[in-house]
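Look for subunit A in each of the two complexes below; its partner is subunit B in the first and subunit C in the second.
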Partner chain A sequence: MPEIRIEKLRKAFGGLVAVDSLDLQVRDGEYLTILGPTGAGKTTLLRLIAGLEEQTSGSIFIDGKCVNSLPPEDRKVTFLSQTYSLFPHMDAWQNTIFGPTARGWDPEKVEIIGREMLEMVHLYERKDALPNELSGGMQQRNALARALCADAKILLLDEPLRALDARLRLDLRYELKKLVKDMGMTAIHVTHDQEEALTISDRIIMLRSGKVIQSGPPQEIFNKPESPFIHHFIGEANFIEGTITGKGERGARLTGQSGRTYDVAPTELKVGTKAVAGIKTEFTIVGKEPRDGVNDFPGTVQRKLFLGRFTDYDLILDNGHNVHARLPSSVAHKFDEGDRVNVHMDPERLLVFPVPGKGLAKELEMM
Partner chain B sequence: MEIGKRISSFISRKSTIKAWYGFIVVFFILVIILPTLFVLSYAITGWDEAGGEIFAEPSEPEFTLVPIGEGNTSATFSCPDIIDITLPTSIKVDVQTDRIALVGYSIVDVGDNHIHYYHADIDVNGTQTYWLNISANSTYNEIRHVGEATQIFYIMTYDTLPSGGHQELPLELRAGSVSPWTMIKSSIVNAFAIATVVTVIDFIAGLPMAWIMVRKNFRGKQYLDTLIDMPLAIPTAALGFSTALFWAVTPGVDAWGSLSLVSSPMLLIILLHIVFSYPYMVRSLAAILHEIDVNYEVAAQTLGAPPLTVARTITLPLFRAGLVTGIILCFARSLSETGGTIMALAMLTPGLADMAYPMQTGPTLIGAWKHAGGFEPQLAFTSMLLVVISLVLLVIVKIVVMRFKMPLRKVFPGPERLFSKGIFPKLKDGMAFAFMFIVLIIPSFFIISFAFTGDPVPVDWGPFWSSMGFSFLVAGVITVLNILFGVPLAILIVRGKNKALSNILDVLVNVPLIVPTSALGVSLGMFWGSVNIELAVFLVIMAHLAFTFPLIVRNVAGSLEELDPTYEETARTLGAKPMFVFKKVMYPSIKFSILAGAIMAFTRSLGETGATLAVVKNANTVPVYIVDLVKAGTYYPAALACIMLIIITFIAMMAMRYITRKAEK
Partner chain C sequence: MPEIELRGITKRFGKVTAAENINLKIRDGEYVTVLGPSGCGKTTLVKILSGIWEPTEGDCFIDGRKVTGIPTYERDLGYIFQNIALFPHMTVWQNANYAPIVKDWDREEADKVTTESLELVKSLRRKGFKPFELSGGEKQKVGIARALCAGSKLLILDEPLSALDARVRLELRYEIKRLVKERGLTAIHVTHDQEEAMSTSDRIVLMRAGRIVEVETPENLYNRPKNLFTANFIGEANFIEGSILQCGTGEIAECKTGPLSECGSDECIMETRHKHRLVIKNPAGQFKVGHGVVVMVRPENLSISHDEKEHSLEGRITDKIFMGSFIRYRVGLVTDDTVLVEVPEADDKIFNIGEKVNVKFRPKKLLVYPQPMEGLKEVLSLE
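So, the complex of A and B:
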């Protein structure tokens, strides 16, 4: 059964460490997404698994077998880049049977397998079409048929949807996952698009500077980020720096640098320690009137940015704090630039983190 | 099948591939680069010899005392710089004679034993000082003493015979032989002066043409495209013939329509070099112009700038990369050209030995010395200088053009608006076209006029076909070797994991392209001579391989860079071994560039003169054969041979255009 286990994997390009003693396990049939900012080492990790790069140290096991010294053609994983790397000069049929032909299988057997795979993805009648004559969805199906035909149960997808336009990308996202699941394949999908990762994955691996910083199902990554960076990367968040000044049953209290206090989510940090609290912009509620007196702050609308379904606000609170908010456009029309408003932050959503080692600004840098 | 599988798995083994790449790199360094630059070692190993030979002061003029009749006559000569006298000049002669003698002078070319000057001047009796006044002769503008034994300057005394005639009794003065350094210096200065002037003219005339080709649309544009490339299809030896015939005063040969205007060798060579370098300039400029987004120009124009201001302040500053390529290509080609230049010189001054041409460029001097034999230190030294200077110049051009601040900021609204309108743009375009037709196209094909209107002589085709056979053998072999070694090297440069190695190889590959081919030939001859290989066929093949190698590597590397590497990687992960990936995924995408590079190498080899002349003394390729015919004054067969060669390369060029067009689709 295809199962990938990675132990202490490290890859350095000269002085630059792309993957840093990374441990990872991918279960059979899992759809795993590797999410992270540009330069986090996502693609390098994928290339290491495929055998396209040689690791500096560490090991990769596929089906319990160490593949460190195997060339890419013997690993039975298929690496697909943007638009699935269908060979532009070959038609759908030639693309599909590329793997078996390359391995020198019996032509009759190749014929049968190729046909079976193409029929499975409903492309047999288009077998003479070149990739540029196929629609985006057909290309995707062709690429998967080709991978299956090559006897590969593991798919490595390097931003496969990136080159497509927005609408098609949304459609193909679902189809891709469905096909992978139907065919019983294991997929590792690399992306820097958090929305794509949230919708498509069984599990997300957050990668930063070559290290896994969090791993878990999409909801967990979204609701329980383990660092301010992840909190900010998945969606966008407002942060408050301060000191824990009280702890109760249902939450804690943080006093900001301005002296204002905030009710925040429960934390294990001790009273008196410095901390950072963050809330996603979607949960930063803007209203005319204060809600219940808890975490209600008067402020002024500085700038309003209409995005279509949502509207973004830049607000300045009376305590001097700058806050962003994202509201559905249906309620946003009530507020204009210069209006006095109330900003409410749900204490449950105001998550508390220890102060990052290098400071908050450094932590939030997209590197 | 079993064996086939074994072989394929053997060549796909990582170690085999590594070994193969290793071999390619070693081959490239040892067989292409090292021999090309081997001549530089001469600075260390041969310096003593060179210093002695090359910088030796010219020997003092000597004279021999010759008894005349019963009495004695002797003379002392004080000459001005005999080495390079411009006529008219005077030579001071102190004569002691005990009776009446006549003093005169003649200049004898030992090459053909022909007396070019003869003048009896004065009756002398007793001890007196005289000036011999040497005046200009109709065929000579200059007396140059080249080499040690080419020309001997005689001062003669004459006995008056009883019959009234004169008996020559020479007092021989060997002209102070010129130091090789003087010759090398002037030939290199000439070569660089020509290359500079040619490049500047190419740029001035080529810029409007590049503009027309990229920014304008009109009917027949694709023909203009082909027309500009035409001179490239003609071997330079044939081009030299054709151009000289069109422009120059060529004694002993004429054709209908010949202008017979130019008698200065420098001017003729410049006109010739423009013909074959202009297409490179236009192509380079057009290529970069094509990349420059026309929207910048549109934006500038909508902001109120007249077209001339836009071109000068917006487009030109973005141009530098193309300019560097254009300058380097034109400069290197002009600096390197040998065959056509020899043709032009030979046709201007028929019957003159090749060392006695009124002017030399670096490559023609190398050709002449190699042909005469016995000038190894001079050859090595000249080649070394050419190699060093051209490499240094390459670096300087790159730095200067990229750093140089063009004075483009200042705007002259009045004049620029005026020159952007009405008749001026039309005038500019008209002049660009006129230049192209008069300077490029007509001279290129003027040889056809000669074929129809020249005096036909029976032609012995035997030697032509044998030289053609030799040329095809060489061109064929180097094309195959180029493909075998050039393609893997290109792959290594573009796809190599070791970026530092790739970058070094990438720079090195250009070296044989920059080094003048005659210097390359000398260097290769020295290299293989140092391991005692002197087989002519082998040496010619090696020389041609060296200067054509970059063509195929550049071509293939260029198209590989366009090819997304993920296709190959995906193919590997689908189970294909490296050889299979090359065959099925990479090769279909680069096969056209391999073919284009191969045809380019083939035609360049077919047309090359300089390297062939410099690497061995007697290698009979077609261009060398044609040059020899012209030197011997047999113009008609030479012209027919030129036309044959043009037709063959033309077919190859057309095939290449067809193939590249097809590839673009």
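So, the complex of A and C:
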């Protein structure tokens, strides 16, 4: 039962605190993603769990046992880094069975498990190839097979797909999760790619400045972000600053600095409180005509960027507000740069937050 | 006025052919991206254009001038690559200001260009920093600013953003494009990131295994790919293989998947694996009975339901992924194909893993290609 429990974990490098009194529990068989901007402490956290860094204070438990003083090889975890670190002079087979062989396992057993793992990552046919004869994706799969051969039940993955071509990344994401689930492993996967996190995780933890700022299934993180930062990090959001000026059963009203009013989602904040409201660009709807008069704003298309499935728009509203919108390309072809349009914001999707301590701009900074 | 032409460029390294018979024209002021999987020859192409490597065969022309044999520094181009080496002993300002000073520009003009370029990459406030005080992303930004300062009209960008964070990458790619357009530069940008290519380019040169597959606008590559490799590499795609059973109107042979709508005069009936059927368009009469075909359809152009029989294939949902504004289902079809189907998250019908569903293939949403001789898997392969 590889369950991981982390209590008040802290790691400081000199004066810089990378992980800040962090509590976390990972269930057996869970696929957990650690998501956050550069410098959030994601990799440090992973290295602490692996035993590659020593914590300044706090504890890590694996299967209920404190592993604080255990070296990496005794933690029943396997760490897959961004760069794979395959032995360049060994072929795919030798790389795969390196661990079991070094541990002096029965050669027959090594043969069986090695083959099983290479077949699982669809690489058995290339078992005689050296790393430099394999593509990036194949090397990644080779490293994965080697990691799986180590017979650890906890897999720690540090941006495992980062170095791959976009196309390959999409396929491997799916295979990686399937593999982990099929083998009944527990996985902790570090990424800064929010789409990757949405696709692959049972649960996402959002990390910022060494702290967990939200934890939950992808849908919850996306639909119920707990701060403007998270709202903006998962997807992208447009924000309005103002004051709560009314509250009803189904929502509230926010009056912006320009004096314009917006219908917004329900909030705990009291009337008269300063607040920030934000809506994801995917739910910022561009149309020819106003919808129903609620949160309908006339504006002009400034820039249109075709991305394939989606098309991104930069718009300027007549009230001077710049907003972004992301539309399915199937509807987006109707609007061009310079066109007069209506921008609609569904009140339920216009989420309300207290004004962040250091102001909105600071809150949204990625560092 | 930099206008570029590559004529019959081939580059061989021993037995390996990195680029083969490349012909390409780039217009003045155009922003062109060279896109393709790793090892496709895209970097080889720009190294030859910039004079870092000489071609084995063929010639490059810049503004009608043959530049084969002319060294890089006489080709008047800016080259930005993945990990730019800054001068370690110079500040950000001195690094960016280097080319204008060396070229002995008017001091005021030099400072203006440097300020502008550093501002553009949002590094002006760090102008007094030395490279070792900067993060990787910041160094890259200064490198870009330095290249811009050199004032060349032709800019070559070789994976300029790969080393950066997703968000920074997003911001910077818009800025680079804006700058290129504002200053009337011609840009050739190498990347393996399809989204980066889609969002910045006037045209994309898609490469595979040393050859050009297609040169097109982003819209055409996504909506009307000319071949199967393009369809698979740009965006997500589903493929169904089969053969033509019937063309045009006429009696429809008994059908396994329930009632088919009438096959129109400009349509065909295609038989899939396990003898299921789909109606496809055949406006130009390109397909004849017995032809092998491959149907390509984007996940967002399929829909699923419990009861819709027309143009549908049965299947079972094997996976369901929340993607923010939409949900992605993976469906195992009766044809033994697995398809991705994407529906808006707001759709009231949510289907569950294990459920039996019908997947609808609207004929006008399907692109049909002749069955490739070397096999579908081979054609889609990234190497």
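The rule is short, and it goes like this: the second predicted complex is superposed on the first by the 321 of 367 C-alpha atoms of A that agree within 3 Å, B and C clash if a C-alpha of one lies under 4 Å from a C-alpha of the other, contacts with A are read in each partner's own complex, and residues count from 1 in each chain.
To be clear about the criterion, contacts are C-beta pairs under 8 Å (C-beta built on N, C-alpha and C of every residue); 3 or more make two chains touch, one makes a residue touch a chain.
Note that the structure is a prediction, hence the values are computed from the model and not measured.
On the superposed subunit A, the two partners subunit B and subunit C do not both fit; they clash. Residue contacts after overlaying the shared chain place A:Asp23 against neither subunit B nor subunit C.
Within the superposed three-chain model, A:Asp128 lies out of touch with both subunit B and subunit C [touch as defined at top].
Touch criterion met: A:Ser329 reaches subunit C, while subunit B stays clear of it.
Look at A:Asp182: by the touch rule set out above, it reaches neither subunit B nor subunit C.
With both structures placed on the common chain, the touch criterion links A:Leu156 to subunit B but leaves subunit C unconnected. When the two complexes are overlaid on their common chain A, residue A:Thr38 makes contact with subunit C while staying clear of subunit B. With both structures placed on the common chain, the touch criterion links A:Glu119 to neither subunit B nor subunit C.
When the two complexes are overlaid on their common chain A, residue A:Glu337 makes contact with neither subunit B nor subunit C.
Once chain A of one complex is fitted onto chain A of the other, the partner contacts of A:Gly308 are limited to subunit C, with no touch recorded for subunit B. Counting contacts as defined above, no subunit A residue meets subunit B in one complex and subunit C in the other.
Across the complex, subunit A meets subunit B through its residues 47, 50-52, 71-82, 85, 87-89, 98-100, 102-104, 146-147, 150-152, 156, 158.
Across the complex, subunit B meets subunit A through its residues 5, 14, 564, 566-567, 569-577, 580-581, 584-585, 588-589. On the subunit A side of its complex with subunit C, the touching residues are 37-38, 135-137, 165-168, 170, 174, 192-195, 198-199, 218-219, 222, 234-235, 280, 282-283, 305-309, 312, 326, 328-330, 366. Residues of subunit C touching subunit A in their complex: 37-39, 135, 137, 165-168, 174, 192-195, 198-199, 218-219, 222-223, 232-236, 298, 300-301, 319, 321-325, 328, 330, 342, 344, 382-383.
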